[in-house]
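Would you mind keeping the following structure in view while I ask a few things?
By letter and in written order, the chains are A, B, C, D, E and F; residue numbering begins at 1 in each of them.
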Amino acid sequence: MPIVHIHMYEGRTVEQKRELVKRVTEAIVETVDTKPEAVHIVIHDMARHDYGDGGKLGCDA
Amino acid sequence: MPIVHIHMYEGRTVEQKRELVKRVTEAIVETVDTKPEAVHIVIHDMARHDYGDGGKLGCDA
Amino acid sequence: MPIVHIHMYEGRTVEQKRELVKRVTEAIVETVDTKPEAVHIVIHDMARHDYGDGGKLGCDA
Amino acid sequence: MPIVHIHMYEGRTVEQKRELVKRVTEAIVETVDTKPEAVHIVIHDMARHDYGDGGKLGCDA
Amino acid sequence: MPIVHIHMYEGRTVEQKRELVKRVTEAIVETVDTKPEAVHIVIHDMARHDYGDGGKLGCDA
Amino acid sequence: MPIVHIHMYEGRTVEQKRELVKRVTEAIVETVDTKPEAVHIVIHDMARHDYGDGGKLGCDA
């Protein structure tokens, strides 16, 4: 704890996810007074046809 | 905001998801007084062996 | 199944939530070919200081 | 209701998931006084590069 | 990891939640080959007017 | 999109949440190539009796 879920479009590389997890963990540790090993992050990749914004699919935007 | 997550069995077509996002967005806008562009929907496809109901997997039901 | 989670600002009345659940369920049933009794919806109320958009809290927007 | 989401590393067999759903449902029914048919469980498989712990990806640990 | 979210009606006692967390953790450890300290469980209480089933709120059922 | 959910113990101030949302948004924008206004963050406060780790409630740890 904290438990974090990040939902984003698929296509990011493992290197981008490595940096994402490192940087989001730092941001949490520095602002809400917790330890890095307490931060758990789950990344959920989404296809563009699995996201809707303003009533439209991402693949149609 | 509102943020919506919909978990359902895989197999729906992109056309069905397009209609789903359109209709769910309308339903939210008309009932809780928000704007379409504020409604964000994430669709999560599930395999039938990744859902359990009454202690049984969906693929065994 | 489908399982739906809706996160929105607190302050909606029970009557609005009743209508929301009725209308979202209909939208799902009519677009992805399922039965009303298979649709489960969880509503999560949020305070305006528990939502961030563009790096800013909702209570500051 | 209860609605349960379980996020875990991919690689478990369908037989393991079958047993997981059976056992978690029993654990819930016996501790919080509900019926098996009210327990809905969604299993989310994760790749090791989609999980972060202590600022590091699971695939680097 | 595993990360578990349980959404259920409010009203359970801390003693029931203590037993729930103990028993669900055991069920996971024994079925998917992981260690107890890797299992993280978040319990989400819901009011009966924040759950919908078959198009109806839980408080109306 | 990205959609982010952060579950953490209750007790953080609005000022801490303001800084959390600002810093996590920056971390995401700088690592996965998106715009700040596309980042939506929901903060979920938890009581210590609503979190389990290693089979034990947070309030007993």
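As a working rule, contacts are C-beta pairs under 8 Å (C-beta built on N, C-alpha and C of every residue); 3 or more make two chains touch, one makes a residue touch a chain.
Bear in mind that the values here come from a model prediction, so they are computed numbers and not experimental data.
*Asks:* When you check each chain against subunit A and subunit B, which touch both of them?
*Replies:* D, F
*Asks:* Quick check: more C-beta contact pairs in A-F or B-F?
*Replies:* By the number of C-beta pairs in contact, the winner is A-F.
*Asks:* Rounded to a whole Å, what is the gap between the Cα centroids of subunit C and subunit E?
*Replies:* A distance of 20 Å separates the two centres.
*Asks:* Using mean CA coordinates as chain centres, what's the gap between subunit B and subunit C in Å?
*Replies:* 11
*Asks:* Tell me, which residues of subunit D touch at least two other chains?
*Replies:* In subunit D, the residues touching two or more other chains are 1, 3, 7, 20, 24, 26, 40, 42, 44, 46, 51, 53.
*Asks:* Pairs of chains that touch, anyone?
*Replies:* According to the stated criterion, the contacting chain pairs are A-B, A-D, A-E, A-F, B-C, B-D, B-F, C-D, C-E, C-F, D-E, E-F.
*Asks:* Tell me, which parts of subunit A touch subunit E in their complex?
*Replies:* 1, 3, 40, 42
*Asks:* Within the complex, which stretch of subunit D touches subunit A?
*Replies:* It comes out as residues 7, 44, 46, 49-57, 59-60.
*Asks:* Spell out the part of subunit A that touches subunit D in their complex, as residue ranges.
*Replies:* 14, 17-18, 20-22, 24-26, 36-37, 39-45
*Asks:* Within their complex, state which residues of subunit C touch subunit B.
*Replies:* 1-9, 12, 16, 19-20, 23-24, 26-28, 30-34, 46, 51, 53, 58
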